[in-house]
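Look for subunit A in each of the two complexes below; its partner is subunit B in the first and subunit C in the second.
Our next item is the complex of A and B:
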């Protein structure tokens, strides 16, 4: 009867591979977690501060030849009152990004606490230590820069986590953070040159955060 | 015992039934006349005796419908007959004096009589849930004994007297029953609403109704068989509440009839005359389940007045010796489902004849009907353009169904489900069919079609000739070895979140599992390679690689 005229019969398309990973962002208030996330997903930087109430959630899809990478980013408000929502960001995440403000040493100090809390919920996620506001940091006293850089390196060794200094405003090392996360999760060979000179935007990852317990 | 006693009470009440609906139907009239005629003082109504008030209603311009007049006369007669007992008559007066002047005011409803009735009503409708506490029962018993015949005329809760509401209740009950009895291939039935006017036509048949109710046993046994088990069948219980409920329920019961043994059919044929006298409903779904002994000549006696063009579905499930009688053919123009699995009597000649009468057929199930061949199937395909499902699966006489049937269905119908299990079809038949009708196919059963090879189904599926396929049965196809396309199709469908089931029996399922693992490994390898390339690729942080 009314059979549709022969449609083109092509082989059915191959199924695309899909890689889903959840990444949690934690750290003190106003270190730039939401900014980093928005910058990475939407490439927008807004000077205005907006407090995160609870957890922000954004998704980014990276389309490769036959594979899709889907980053689900969970950004937890830095205020203490949201600590009870930490499981939303921490549980189920393959990588946790710990952020501190390079211009405020006390935020680096709180990383200990954040790390302890997260580790209690999820001890298999790859930790990544990220110092933010590098653009403001380079304007500060070089002794201060030395001190912070060296402390951060110490922290990263203890946490066994890659260390990245970044600037959301200037777009420095933003993509690298998430590529390192992916590489560490899947144990991929990464050959991006490290940056280890104090004063430069540090990028140290080779011997840190390699999955051993997975 | 409890049930019987209730039936007794309800049948007592039934004697006075005719008065009750009228009382309620009068109410709005009463209210209207009060509202429009303010001059008439209420006290007048209080002082009038019952007969006067009845007269007043009779002369009221609003109560001009024929039915109510008739029953009001009955009302009078009832009063007359009751006047032999003085105390009873006074009760009537009391009841009406309280009820009539202020029919909607709440204080009236709070009187003892009403309370008693309220509980009585609970007793009536909770027959299936015997969780009334003993105390209430005792109280009820005493109250019942104190009530005389007349007070019983005060109805249970009024909403159970409103035909539309009763109809709704029964409608939902029947839906529930239908749902639990639903079998494959039977589609949802559009249940026709019973109009109130058609009910009032049957008022004249009260006597017959009473006779059937008062001798419930023979009818009961046959009705039980009609619709499954007695215990679960609330619809059946509704027959015994009162006349109104009986009249409302019967059509629903009659619409879907299901016979499970021979004697029930004979009983049903015997009482069918009574049934057709009290209702004009005709059967929509008729089902015979494993009826072995019944002879075709006995089936010929099946009452024709219960059959009309309303019939939508006929099922003869494994009834080897009976087929739909020729005399039914002329009323089958609306038939949608014809389900006759496992019938050895049905042959091509009958099917060709039948095909002239069933233009709306959607489902045809002729599983294991060994005497059907290409001739019958093609005649169906030619004359039933709406056919959606056709099952011809079989174990014997495989050679009778060939590519000819397949192509007939493909060319003349938009069939969605075909069952050709064990039929004599081959690659070229399937290819042609896929070209003709592949786009409509949702379910395909080709079990034990041993001539099919790797060059038919796997390739057809791989090149998307069956874009809507959801179920594919290919058990026992010994010539199929290359399952790569099947696996790819399955993975592709899964990734689109459309349901897909490929049932290939042990051998093909194992092959597919193996192939799937291989494919997944390969894909993971490719994915990791791509990820590595990406993480090491140069990117400018300022320009997202979107």
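Our next item is the complex of A and C:
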């Protein structure tokens, strides 16, 4: 107690603003919600077959000029049996990431249901539509790729939601998802170029998810 | 008409007297209930009685199909189309001798039907009656620390003399489960055996007993009001994984 007073030579820490942002991740089982979250926060990709018990939760701090952004990521188990825990991921989130597996069209179809459910709980969060496993997707038939890419673009327009195709295994477009989320939440201008050619890892965000055209 | 359809009708009239016009004329206070609705919301016990089966045919048909395709990746974890799951369950529940063909159906729809049937039962497999006692038991005995699931060894590795903590816990949990109706016990045993088979092929289907317990616990044990569903999640999961691991000892 007696020696707890700080020595004079210690620098006074610069005042930093801190902003807490909650981001929810939803989508069918085995699309890669937990993997994406763990990759973003810990930069680890693990092939292990994990099953989320209810909700997973991780935090990551990023610096933006004089501000610390604290992301709280909430990842909900993809089984319908966990739907009564959806409020944990949806309520209070500033952005909701809707994930589907690019190699399983039915998981894109499920986005309708996830979107409806989330919207019932939180209609102000920025939606972001993310297609996962891009590394496996590019090995598939090009007609299939066209079909899925065009459907996903349609979905993103209807949801007014930025669209990103990513690969957690190969580290494609992971950071960008969260940069887009941040830009949309605070209405900031992003300089990341869009990728709009079907077959490439799509990144379409400029005219989607803006507060003004909501 | 096959004989058992006649028996089914008979038992339906006994279970739900209000569905016959004659009874409703005599007792006008009986509520009007559609047969369709009754069949969709039947308790497990009544369904077994109605079908004259130990295990409802919804379960046995789907389980047979799942075991035929037991190597499919992500059994019970991956989701099938919600619409198809509901439609199929409705058909299986309401149509007598339905000729519905499960072998052409996506396997994740079939597993979805099983989970959906269980979660929509008016009273879950681990009934509301034993909910508080079960969760309370796990909590007060501090089983997460005293007997972590990973330390349960079946068959038991005996160390020292006297009754082990594992055996004691099995006996005590058995004591709680024995309060369940007999059909509920039967179904618990049947499902445990089925899930054990799946886990034994986890190098193919990637489903460990632990993963299976996580997806099944919300289907098998939940409270009458949903308030505690999140705070009791770990306890619910513990009890389901415990049962899946030691079902032979529990139900023998």
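The rule we apply is simple: the second predicted complex is superposed on the first by the 196 of 214 C-alpha atoms of A that agree within 3 Å, B and C clash if a C-alpha of one lies under 4 Å from a C-alpha of the other, contacts with A are read in each partner's own complex, and residues count from 1 in each chain.
Rule of thumb we're sticking to: contacts are C-beta pairs under 8 Å (C-beta built on N, C-alpha and C of every residue); 3 or more make two chains touch, one makes a residue touch a chain.
Remember, it's a predicted structure, so these values are computed and weren't measured experimentally.
Chemist: Answer with first, second, both or neither: which of subunit B and subunit C does A:64 touch in the superposed model?
Modeler: A:64: touches subunit B, not subunit C.
Chemist: On the A-aligned overlay, A:79 touches which partner chain: subunit B = first, subunit C = second, or both, or neither?
Modeler: A:79 sits against subunit C, while subunit B stays out of touch.
Chemist: Applying the document's definition of touching, compare subunit B and subunit C: which contacts more of subunit A?
Modeler: Comparing touch counts on subunit A for subunit B and subunit C gives B.
Chemist: Can A:173 be said to touch subunit B (first), subunit C (second), both, or neither?
Modeler: Once the two structures are laid over each other on A, A:173 reaches subunit B alone.
Chemist: Does subunit B (first) or subunit C (second) touch A:197, or do both, or does neither?
Modeler: neither
Chemist: Looking at A:28 after the superposition, I want to know if it touches subunit B, subunit C, both of them or none. Which is it: first, second, both, neither?
Modeler: Touch status of A:28: second partner only.
Chemist: Okay, in this complex, where on subunit C does subunit A touch?
Modeler: 74, 77-82, 112, 115-116, 119, 206-208, 210-211, 214-215, 218-219, 226, 229-230, 233-234, 237
Chemist: Report the residues of subunit B in contact with subunit A in the complex, numbered from low to high.
Modeler: Contact set of subunit B toward subunit A: 385, 410-414, 435-437, 439-440, 461-465, 485, 488-489, 491-492, 494-495, 523-524, 526-528, 530-536, 539, 541-546.
Chemist: Note which residues of subunit A are touching subunit C in the complex, please.
Modeler: Where subunit A meets subunit C, its residues are 28-30, 49-54, 77-82, 84-85, 88, 106, 109-110, 113.
Chemist: Quick check: in the complex, which residue numbers of subunit A touch subunit B?
Modeler: 1-4, 6-7, 9-17, 19, 40, 43, 62, 64-67, 69, 171-176, 179-180, 182-183, 186, 188-192
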